[in-house]
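Chain naming follows the written order as A, B, C, D and E, and within any one chain the residues start at number 1.
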Amino acid sequence: MIQRKKEHWFKMLFVWQGSVLPQLLPRLLVLFVLSCGIVYANGTLYRYKIPLSPAPFTIFGVAMALFLGFRNNASYDRFWEGRKLWGALLNDTRSLARQSFTLTNYELTSAEVRHFTQLLIAFTYSLRHQLRKTDPSFDLQRLLPSPLFESLKAGLYKPVLLMREMGLWTKEARKNGQFDAIGQAAMDGNLNKLSDIVGGCERIASTPIPYTYQVLLHRTVYLYCFLLPFGLVDSLDWLTPFVTVFVGYTFVAFEAIADELEEPFGTEPNDLPLNAISRMIEITLLETIGLPTPEPVKADPEHYTLD
Amino acid sequence: MIQRKKEHWFKMLFVWQGSVLPQLLPRLLVLFVLSCGIVYANGTLYRYKIPLSPAPFTIFGVAMALFLGFRNNASYDRFWEGRKLWGALLNDTRSLARQSFTLTNYELTSAEVRHFTQLLIAFTYSLRHQLRKTDPSFDLQRLLPSPLFESLKAGLYKPVLLMREMGLWTKEARKNGQFDAIGQAAMDGNLNKLSDIVGGCERIASTPIPYTYQVLLHRTVYLYCFLLPFGLVDSLDWLTPFVTVFVGYTFVAFEAIADELEEPFGTEPNDLPLNAISRMIEITLLETIGLPTPEPVKADPEHYTLD
Amino acid sequence: MIQRKKEHWFKMLFVWQGSVLPQLLPRLLVLFVLSCGIVYANGTLYRYKIPLSPAPFTIFGVAMALFLGFRNNASYDRFWEGRKLWGALLNDTRSLARQSFTLTNYELTSAEVRHFTQLLIAFTYSLRHQLRKTDPSFDLQRLLPSPLFESLKAGLYKPVLLMREMGLWTKEARKNGQFDAIGQAAMDGNLNKLSDIVGGCERIASTPIPYTYQVLLHRTVYLYCFLLPFGLVDSLDWLTPFVTVFVGYTFVAFEAIADELEEPFGTEPNDLPLNAISRMIEITLLETIGLPTPEPVKADPEHYTLD
Amino acid sequence: MIQRKKEHWFKMLFVWQGSVLPQLLPRLLVLFVLSCGIVYANGTLYRYKIPLSPAPFTIFGVAMALFLGFRNNASYDRFWEGRKLWGALLNDTRSLARQSFTLTNYELTSAEVRHFTQLLIAFTYSLRHQLRKTDPSFDLQRLLPSPLFESLKAGLYKPVLLMREMGLWTKEARKNGQFDAIGQAAMDGNLNKLSDIVGGCERIASTPIPYTYQVLLHRTVYLYCFLLPFGLVDSLDWLTPFVTVFVGYTFVAFEAIADELEEPFGTEPNDLPLNAISRMIEITLLETIGLPTPEPVKADPEHYTLD
Amino acid sequence: MIQRKKEHWFKMLFVWQGSVLPQLLPRLLVLFVLSCGIVYANGTLYRYKIPLSPAPFTIFGVAMALFLGFRNNASYDRFWEGRKLWGALLNDTRSLARQSFTLTNYELTSAEVRHFTQLLIAFTYSLRHQLRKTDPSFDLQRLLPSPLFESLKAGLYKPVLLMREMGLWTKEARKNGQFDAIGQAAMDGNLNKLSDIVGGCERIASTPIPYTYQVLLHRTVYLYCFLLPFGLVDSLDWLTPFVTVFVGYTFVAFEAIADELEEPFGTEPNDLPLNAISRMIEITLLETIGLPTPEPVKADPEHYTLD
């Protein structure tokens, strides 16, 4: 599943694709030009020397390290929790598909098992569409029987309504004597887990890191970078713009990555490859009940986390 | 669900709304005026030069970074745990609503299912009111049958009493042969989870971060800020007030945010949007059992975490 | 439940009650006097100048920040885990009380349900007494029937013996046909959770943070503080004692708080308010089965975490 | 199970085997030669003095410590989570093997129990082969009956298909009256856990730490190391190359270890000893059902984590 | 259970017993002598002045703090996880003992319940012996009936075989009509937890922190300490050996503690008191079924964590 091959340590220094560098270039250019101006003016502003020594930068440095570290950990935790939720989705849908024919009297190849598996796949796609605010109609139409598709059209929380359908499927199966209460309860336990997954994804999507944190950190990072040339000009002279841009790059890039990871369900380069994961769930579920499987999603050069 | 649109990196530097800046302005003004006085007096106090070199500030810096980092992590963990508990509330009430008609013989549209769902919604609202110490009468009256509402009026722990009602509902349903023991046990398991959620919220609300921590940190931060001008005046001269206020802003703001997040169930700008979440639970539960749904809560410009 | 009202930021700087300052005063006085002596002697010891520059302090500072941070996190985790365990105790006893009349055929107001609830309350009090090594006789006598109270008197692990009684209660109820196996298993699951809570509390109470850590940290902090004046005297002169005491206060206080929180079940000011929590459990359980409830524990000005 | 004997503290300083030093030697040599050139040229580049003072290095240092610490924690967490998943695999397969003869009417030594145990062992090996992308044919052929082996050959997710077989085994056993629904549900619960383990391993294997992080960190570390001689040459003179290489070694090695641990299922020296663990699972499962056990995997001098 | 009484803050500075100081004395002596030599030679090596300024030490310091902090957290986590596992063992054996007479029809004092409890105690002791690679014969012989003891003698994984016996006990009980399927499943769930505990302990015991980490950290710490005198000699002169030894002590001791805690199941002073815990489990289980209890293990002055 892993596409990324280990880069040679030397070549990795000059990677362009897949770094945040392209996106940050304009800001770094502004920083470079500004630094050049400050060197030219010898660190004066309207003929008044700005006497910034390294001392304030050490103090700022402590604050910034603190803020950046916190922000980055919080963002990465969100990213990784999102990934765990989608991993749990894979596990639970596999378990439910297996239970649909081992805990009931249905045959592996029966229409009922197939319908239940389609519900699981439709559930997966509709969750992805809800998180990305895209239209699920295409996927739901190809996976669900027409009447059900129609009745879902106006639904606000489609994945929840599909879970209701699965619950009703278990009720129906028990009525038909395919099931006993124990087996139904076992499947119901996994439906509860699906409910936790839906809610967990909604929680991450709807509750960003408090906005004040973002503003405060953003200000600290950029002011630090734009004041840096005043602090370096006396000792570094014409090297100032280069050092400023390099130091600035590391801090600004760190903040930019944290910003991207914070919302793991989006479609930016480092977000979760929900397309590939949902297709993979479709493949493994269909294989489990012995049906032909579609092709996996092609590795997207813009997404590095999973092909 | 996400209202906040990505701000341009440059415009974000000058955001006013949603930062803690307005609230901190008076303190920063005091700091500014004080710094100006110290510059004017050349860092002397009663004609006696205060020879503060940067060395003590580095030492303080280590202590403060340590304290601020700890306080901030502890506060954010409380905020995020509170959010997780309300997320779990969403998941569990959805699961219970589903179980009320898939594990029993009740129809989706029966009066019993509807009553149970109303109990769940009333439970949600009464938990919010308990955490915010507001009066739940309005919400309980519109959701519950009159006799039940009356009997709850004097209750100390209303959410717990509503859980008791749900437990009695399952007992009643089993007596009426709508249920077997297995199904009742499955719903009972989810009632246990509700109990964990209530207790978890009460725990966060009733046990703040130990007060001595807050006092110690508060003192360290403010003394650091008010001593800073003495340390900077010799090298920065008339720039001292500006640098002091900027450095002070980052530290004081960081502490202020931690202070706000620490009690996530309040009504300050960065607290959890319990109004919107409880309304959302009402909507999704009613949709699950096929009833008309009310409007979601309008995005409150004072709350940034969820509309 | 929250008593503490938000202090004004300025008044909080001068709080006395509830900080660890009173307890640390003697040590800080020693430090102050010592510093004065060193300033008077110009940093010499037996006429030999102690040439401590700030460099060693920076090195020490890194070590100390590392140690203090670790110790503090470990202690706070223990405090918070202890709180979580007592929160879980609240949740589980509520769940068990509810189950005693919803999963059985017993009426809410029957003598059996009342007896079971008294067992739960007695369990709570006896756990508190075991953790604090106090005598549980008073509470057990008022809550339990005489024969049971007598038979428990010599018990080593009274909470465990009370759990046994609860288990036997479920066995009895099943024998009497008030219960089926499913219901008994559901209650048994919650008894398992009670067992986890007892064991978790015993674990925290019996396994302190390894003693070598405490010794090493203690030495580092105090040696740092007592050497500090030698490092500051040359640049700060008569300001040395004040700066030393202030810096020393922050470090010593941080260690003292960690030391207090480490054993959360004690009776020091920042320990968990087990009295108030166990009374609260008594109140909510009695309310659940419709009995009159006692008064809550009055807010103890020496305890800040819960009234 | 632990092979590594405690090294004497002095001898440990000169360990060669098992450190990442051999692998890093070429890079450190490049760094050494470069440093020598810079010392020879007195820190000038094309006759232009590069005036790098320690100040920028302190600033870089903060950034790098932040990045390295984050990367290292994230990698170690992945390593340890991978280890936990394989530990859970050991626990669950043991539990399932035990259940196959205690919850059913099958004898310990019956053919059915033996077949189920072989399924568990085959599951373990096929998971290892899937994670390492190696060919499972040899192991599956020796463990499974021919028809089953043939039917699995073309499977995409072989461990999942083997879980399906285990599910069908429980269905079969219940049909044959060896089992009741309760027992089947209990085993089904452990199959759910196996599903979680498979998914957890796939998640770690398919989702590396976001690539941008790696690039950013890699650049920061190497640029830091290659600029270091310019900063040290003035004060250290001919010692510069030695100090540079030693400092460089610690940072570069730290990054290299993080890089190795990040993918714990590979075959590099510090990766998880999946061969030894899967053999150990085979041994303990066979012993549980009273069959002769194979030899454990010999300690591989290239793997230090488990023999 | 807590033996350690709070030490006075002043006396604690001079504690000898229970610190790692005795063990580190030889290394610190080497360091002291070396420092003296360097002071005598004025920081020259073969008449060539080693111009180490504090700058490289600051850079090293960052690296070392990073490494030591990581190593220490990882080690303490292992220690605490080991403690949690043995705490869970206490909880689960208590729960199983209770279930053996509340979920079955057996009397509290019956031979079957007694036999099962002996199995639980034997399980506990055999796990301890396996983790410490000691001979379990003495304990198993006194606890188990002869035939069972003989059949276990050649077993590789004795705790697992004892779990098998417990599973067979439940099967037997059900055959004899003492049990229904539900009760057996409930006990089986706790046997699963025992399986998780065994596997968790084996995981910690068999997978040390990757060896490369240890080597890298060890080298960094000791090289730092042995280079320190060169950096301090110019400013501290004859104070150098004392400061070096004190700074060295803190770092070396921190590494030594981490090294001890890393393998929590050993018999070093800070390792877990498995003897006392297993005896405590024996006592509480025997008390639960009303049998006379042995004496607890005497507090071992070499072990500080639990008597």
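We take it that a contact is a pair of C-beta atoms (placed from the backbone, for glycine too) under 8 Å apart; a residue touches a chain by one contact, two chains touch by 3 or more.
Everything numeric here is computed off the predicted structure, so don't read it as measured data.
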Separation of chain B from chain E, taking each centre as the mean of its C-alpha atoms, in whole Å: 38
Gap in Å, rounded to a whole number, between the CA centres of chain E and chain D: 24
Junction residues of chain D, two or more chains touched: 58, 62, 65, 69, 181-182, 185
Chain contact topology (line, ring, star, complete or other): ring
Sequence of touching chains round the ring, chain A onward through chain D: A, D, E, C, B
Chain C residues touching chain E - in the complex, by the definition given at the top: 27, 50-53, 55-56, 58-60, 62-63, 65-67, 69-70, 74, 155-157, 160-161, 163-164, 167-168, 170-171, 181-182, 184-185, 188-189, 191-192, 195-196, 198-200, 202-203, 205-208, 210-216, 218-220, 222-223, 263
List of chain A residues in touch with chain D within their complex: 1-2, 4, 9, 12-13, 15, 18-20, 54, 57-58, 61-62, 64-65, 68-69, 72-73, 76, 79, 83-84, 87-88, 90-92, 94-95, 98-99, 101-103, 108, 180, 182-183, 185-186, 190, 231-232, 235-237, 239, 243, 246-247, 250-251, 253-254, 257, 260-261, 269-270, 283-284, 287-288, 293, 304-306
